[in-house]
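Read from first to last, the chains carry the letters A, B, C, D and E; within each, the first residue is number 1.
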Amino acid sequence: EAHGASACLITKTDTNPFFVKMREGAEAAAAEAGMTLRSYAGKVDGDHETQVAAIETCIADGASGILLTASDTSSIVGAVTQAREAGLLVIALDTPLSPIDAADATFATDNFLAGELIGKWAAAKLGDGAADAKIAMLDLAVSQPSVDVLRDQGFLQGFGIELGDPNVIGDEDDARIVGNDITAGNEEGGRKAMENLLAVDPMINVVYTINEPAAAGAYEALKSFGRENDVLIVSVDGGCPGVQNIADGVIGATAQQYPLLMASKGIEAIAAFAADGTKPQNTEGKDFFDTGVALVTDEPADGVDSISVAEGTDLCWG
Amino acid sequence: MEPILKGRGLVKRYGKVTALDNCDFDLYPGEILAVIGDNGAGKSSLIKAVSGAVIPDEGDVFLEGRKVKFTSPTDARKEGIETVYQTLAMSPALSIADNMFMGRELRKPGFRGKILRQLDRSRMEQIARDKLTELGLMTIQNINQAVETLSGGQRQGVAVARAAAFGSKVIILDEPTAALGVKESRRVLELIQDVRARGIPIILISHNMPHVFEVADRIHVHRLGKRLCVIDPKDYTMSDAVAFMTGAKQAPDLAA
Amino acid sequence: MEPILKGRGLVKRYGKVTALDNCDFDLYPGEILAVIGDNGAGKSSLIKAVSGAVIPDEGDVFLEGRKVKFTSPTDARKEGIETVYQTLAMSPALSIADNMFMGRELRKPGFRGKILRQLDRSRMEQIARDKLTELGLMTIQNINQAVETLSGGQRQGVAVARAAAFGSKVIILDEPTAALGVKESRRVLELIQDVRARGIPIILISHNMPHVFEVADRIHVHRLGKRLCVIDPKDYTMSDAVAFMTGAKQAPDLAA
Amino acid sequence: MAGHADDYESVIKTTKSEDVAKFAAHRKGALSKLQHALHVNPALVPLFVLLASIAVFGLLLGSKFFSPFALTLILQQVQIVGIVAAAQSLVVLTAGIDLSVGAIMVLSSVVMGQFTFRYGLPVEVAIALGLVCGMICGYINGWLIAVMKLPPFIVTLGMWQIVLATNFLYSSNETIRAQDIEANAPLLQVFATKFNVGGAVFTVGVVFMVVLMLFLSYVLKQTAWGRHVYAVGDDPEAAQLSGVNVKGVLISVYVISGLICAFAGWALIGRIGSVSPTSGQLANIESITAVVIGGISLFGGRGSILGALFGALIVGVFTLGLRLAGADAQWTFLLIGALIIGAVAVDQWIRKVSA
Amino acid sequence: MAGHADDYESVIKTTKSEDVAKFAAHRKGALSKLQHALHVNPALVPLFVLLASIAVFGLLLGSKFFSPFALTLILQQVQIVGIVAAAQSLVVLTAGIDLSVGAIMVLSSVVMGQFTFRYGLPVEVAIALGLVCGMICGYINGWLIAVMKLPPFIVTLGMWQIVLATNFLYSSNETIRAQDIEANAPLLQVFATKFNVGGAVFTVGVVFMVVLMLFLSYVLKQTAWGRHVYAVGDDPEAAQLSGVNVKGVLISVYVISGLICAFAGWALIGRIGSVSPTSGQLANIESITAVVIGGISLFGGRGSILGALFGALIVGVFTLGLRLAGADAQWTFLLIGALIIGAVAVDQWIRKVSA
């Protein structure tokens, strides 16, 4: 019986609506299972020390399990091992640890796959034009955290661009890439980065963005130069405002993830573990439990599976 | 006669140090009262306590018989008490004119002054220049010089000029001539006498006995944080005064 | 006789202001040289230029006939030139003893001093107390008091005591008695004479003519950034000196 | 008892009509005049650096950089930092520092947005309340600093966290989308309104930044309050003793700073279209950078507010210039670091030469 | 010519044997003694706040908080900030500020790791070079500040960006995994070595932090160099005039600060197991917070370095306490913000009462 047990949710930050939703999902599931939930978050993306301290606190607090979206996927392993040795179930959410089996289980979207989907879609949309596309890459931060790298590289691969080192952003030498800039994952950064790259080449026609706030900012920049209608913006997350932005023509397509699902599944797993020690199983054929990623667009392209904006709206933040 | 400015039972402690130890103090209308005493006797602390610069731990201050509670020098200035502190209280990076008019700037007449609240710089500069010339501070080459570029004596001259220009009820001078040259000191003494002639009483702290005996009407001798005695310079010699303040000689009763 | 400290053609400009205007300067062994002049005449600038506190724009300084280039007061101190600046140069938050021994702290004997580099606080405090007592600065209640809590005069006393304790070749005093009381000033004058008796020459800047005429062997009159003349106090009266320095009277030739 | 024997002081009474001493003026022509100009008006130093960097990038990059397009882009990119830097300058002139500027800006913009959309208040009222929100935050800062006498760094460090957390808690991190604002409350985006002046595109936000700076520059130089701000920054004790209401000045500075930050929040909505609680996280560091590159001393009391405008523009010129020159984000980050040091070194050097 | 008539000064010659003046001592018993103790040794104030907050959380949370595990956990959680705060304290005592501490720490740890793994150097050599790397960064800071006379805020702001970007560029954002380090270069993790003292678990890192603080406290109070650090922070001009080698002191302070940061980088490897180039982004703000909560004045020259240790611990106690009490992250940030202000207010208040 999980009643009375407690669980921890540790996110990268809690200033991102993605994680806010994740927390809401976890809270609802915990309430249902009669468990208490403590949530922790880093101050900024990449704030690794706060996550380590949070894991230690969970151990001190006597929690049964931890849901973790790691900022630094390999450095966190030491703390995670300590928690597991102390008898806690540790589940990685959204971001797999490295190595992936450092956690008891992983409920995640595949961020590389998410990038790949929007890359493929963009290439398909452009058709022959893909050969001489002009691409702006709007990334997250100079520190290049792992989501940043995975999505960026996934997009390029999906678009058909040869990668350099797949662990490093910006080392490709394909002439179609106008440049990379960083957005901090928000509107302000998105707009500025877009402007910078437009100044480099005003004829950019494909814009990859790390997330939907950055995409919204990029759109404002394009709009101020009157180019909002001839540029394809793609993004990742599938948050409700982001999906709405597809309907409004701001974004062409987004790869949708399901933070609520990840969180609720995670809580269920901890509840089960607390009750009788069972551990969750992986998705068939994968080394993690795939909560799925779906491409959302109203302009489906050949060879790329997608769902409509209407479906996306139903599922958004699901 | 009722003192214009009066202190009773003033106490000021700084941690373990007692700077004012139940000290009394009287300034009568129209007089020049000199305050003398050893270094560290508590003279500056006394005038800070009566001018609002420090709030005494105990004791009362009376202005024209009314009990007053100054919580800042601005309060005292509003009552017409103007003080030159030993540290001079100037803003080093600002100009001489800015410093002289700090807190009572002149604005341009008409629209620019009333609505745009624009300062009348040229008038302030002119007045500042005049006041300094009165004091014979003629080596100042540029009225817009920052105060921090003035020599020690020039700086002191500016502070004295400011007090003399604005004091209406009481003017307090804490060692106004300490850094001044012979010529400039003389001008300050003349200025002090001018001010008294205008009917404004003055408190003068000084270690210069000839100056004190030249201009003072009464001399308040301060020792170990309190008023030891008050003497009339016509009845005592400088030697007596020094002997009292250093404790070499028994002081007379408080009288005078 | 060769001057022990000599300046030739010294120039120092601050923006538009010329503080030293091709100034010469001589200090002879064993003498007390007074420097007098109006406020802003450039006296402090002169001694700063010869003690390394400012680097003159032009001109040379000679110590015992050798040309020296001091780039900081430490250079001058190493040569045995000790200066009390007009601003006193104290660290307000540190104690009296810390300030007196700043830059030449005493370490404990043996292991604790040599290896652990531990300071010998009690010895430094004892010495500091002795030096202050010599100066009659007896109102200081606590040798570990921070300098910022001292009265203006007490602070000046500490600075003078420091210079007198450490100067071995030349001691320079820029208005050392400006803030001092009668008793404390007297002690400083006595101290100056003691120091000369030890054979160390002294430069004394002061606006106090009686003091200057009492102790000086020669008087350097400074005016408008240069040496106007040098007079022997036995040949001239105070009135003469004041008249020269203020420009009221034509100065004699440089002689003396 | 005034009779001491040698009445040497009487000599002086005869010499009252002396003239102001005049030293020989030394002038070295044009260079010396430039130096003097720079010395008298230190805001010219960053202006000089700004023009030099525009010239360098212009030469390096040609018309790509030296176009109305690129140059007005820089203005648009620095507008938010520029406005916040105006607030920061006031605070820094009083020897303070305000780490909470960005948080206040964002909270104010969230208040404007949420009050309109969540509570359905008329947009004008919501904006007014957003401005009041900025002023309240500023007042709390000012009160703690002036009355409780706490150090500004600590107060605003604490307020930064408090205001930012409040912002996230209150907004639940929800963005209000640009399209919704455009449809329902376009006044929120008024700072984005564009107009064309000879090929160059300006926005209301840019004009606001420039006018604000000029206005504050006037106030600081030409009014009593302005002089008091300098005096308080220079030596608060001396200011107090010479009759300045130090507490009043400090509180007013922080309130005005809060108000300006709230305006920056409004301008931010114009710039990014939407209301986003995650913006402005670097506004404090960026505004301080602008202020210091602009030659305002962090120790207070020295510098001209126009310098901060030039400082913001210098950073803007470098950022865009380096991107155009092909530096990637990490290299740009590194080079901006070097620029910060370099610009201040040049400033220092010019001042020294001209001193 | 010494003969002026009234030889009033001669009076004094008879009174040489005066005693030190004694004012009536006023004592008010225990409270007054406590006040005096706090006044004389201001580091006691944050210690007092620390003990009070431990007591409060102990009462609130009971054995969950008041266990050897939780209490030693706090020590482990603050060790990095504590070590960096030691470096920061030195700099702040000279009236400086070092924003680059976190970046130097991370770059040094990356150098230690990469030199071992990328170039195959013996781990001892790599560690030594990492320490040298920290000292070089510190030297550059110190040189720019002492010799070029640039403001510390700006220099270290620039260096922060430069060092951090160098770190990212050099490391290609690659983490060196804990397992690899454990297998091949365990010396890198030596700061994580644990030992048990009566149920409480301490690590070498924690001991290092405490010993470092005690050592620096000795050096600052008992050596000439320490007094010079205070003098330079108090009034550099006065220090220069009274014979302190101001440049030398400043440069040495920044070099030592860099060295301590490099040690923090080594300790960081112990703490997180791996070498991660993205760590330490908040170390500057956190160390400054610790320093100021610890009662060291940002204007230099005042405060005790042990205060910084207590400051770091206060933040650690609050953070863990609030987490255990169930506050979520934003509420924790908000309350830590309030704590920062509150702790300094208490400090100020105690000092005022006892002044």
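Keep in mind that, in the parts below, contacts are C-beta pairs under 8 Å (C-beta built on N, C-alpha and C of every residue); 3 or more make two chains touch, one makes a residue touch a chain.
Bear in mind the structure is a predicted one, so any value in this text is a computation, not a measurement.
The greatest centre-to-centre distance from chain D, using averaged C-alpha positions, is reached by C.
Set side by side, C-D and B-D show the greater C-beta contact count at B-D.
As a whole-number value, the distance joining the C-alpha centres of chain A and chain E reads 37 Å.
The mean-CA centres of chain A and chain C are about 72 angstrom from one another, to the nearest whole unit.
One simple way to say how far apart two chains are is to compare their mean CA positions; for chain C and chain E this gives 39 Å.
Averaging Cα coordinates per chain places chain D and chain E 30 Å apart. Taken residue by residue, chain D touches two or more other chains at 4, 6, 8-9, 12, 15, 18, 21, 23, 168, 330, 333, whereas all remaining positions touch fewer. In chain C, the residues that touch at least two other chains are 14-17, 87, 139-141, 182-183, 185, 209-210, 237-238, 242, 246. Touching of two or more other chains is recorded for residues 14, 44, 142 of chain A. According to the touch criterion at the top of this document, the contacting chain pairs are A-D, A-E, B-C, B-D, B-E, C-D, C-E, D-E. Partner chain E is touched in their complex by these residues of chain C: 53, 72-74, 77, 83, 85, 87-94, 98-99, 102-105, 107, 116-119, 136, 138-141, 162, 182-183, 185-186, 210, 213-215, 233-234, 237-238. Within the complex formed with chain D, the residues of chain E that make contact are 3-6, 144, 148-151, 153-155, 157-162, 164-166, 168-169, 285, 288-289, 292-293, 297-298, 330-331, 333-334, 336-341, 344-345, 348. Within the complex formed with chain C, the residues of chain D that make contact are 6-12, 14-15, 18, 21, 23-26, 36, 39, 354-355. For chain C in complex with chain D, the residues that touch the partner chain are 13-18, 21, 209-210, 224-225, 237-239, 241-243, 246-249.
By the touch rule above, chain D contacts chain B in their complex via residues 1-2, 4, 8-9, 12-13, 15-16, 18-23, 222-225, 227-228, 230-231, 234-235, 237-245, 301-302.
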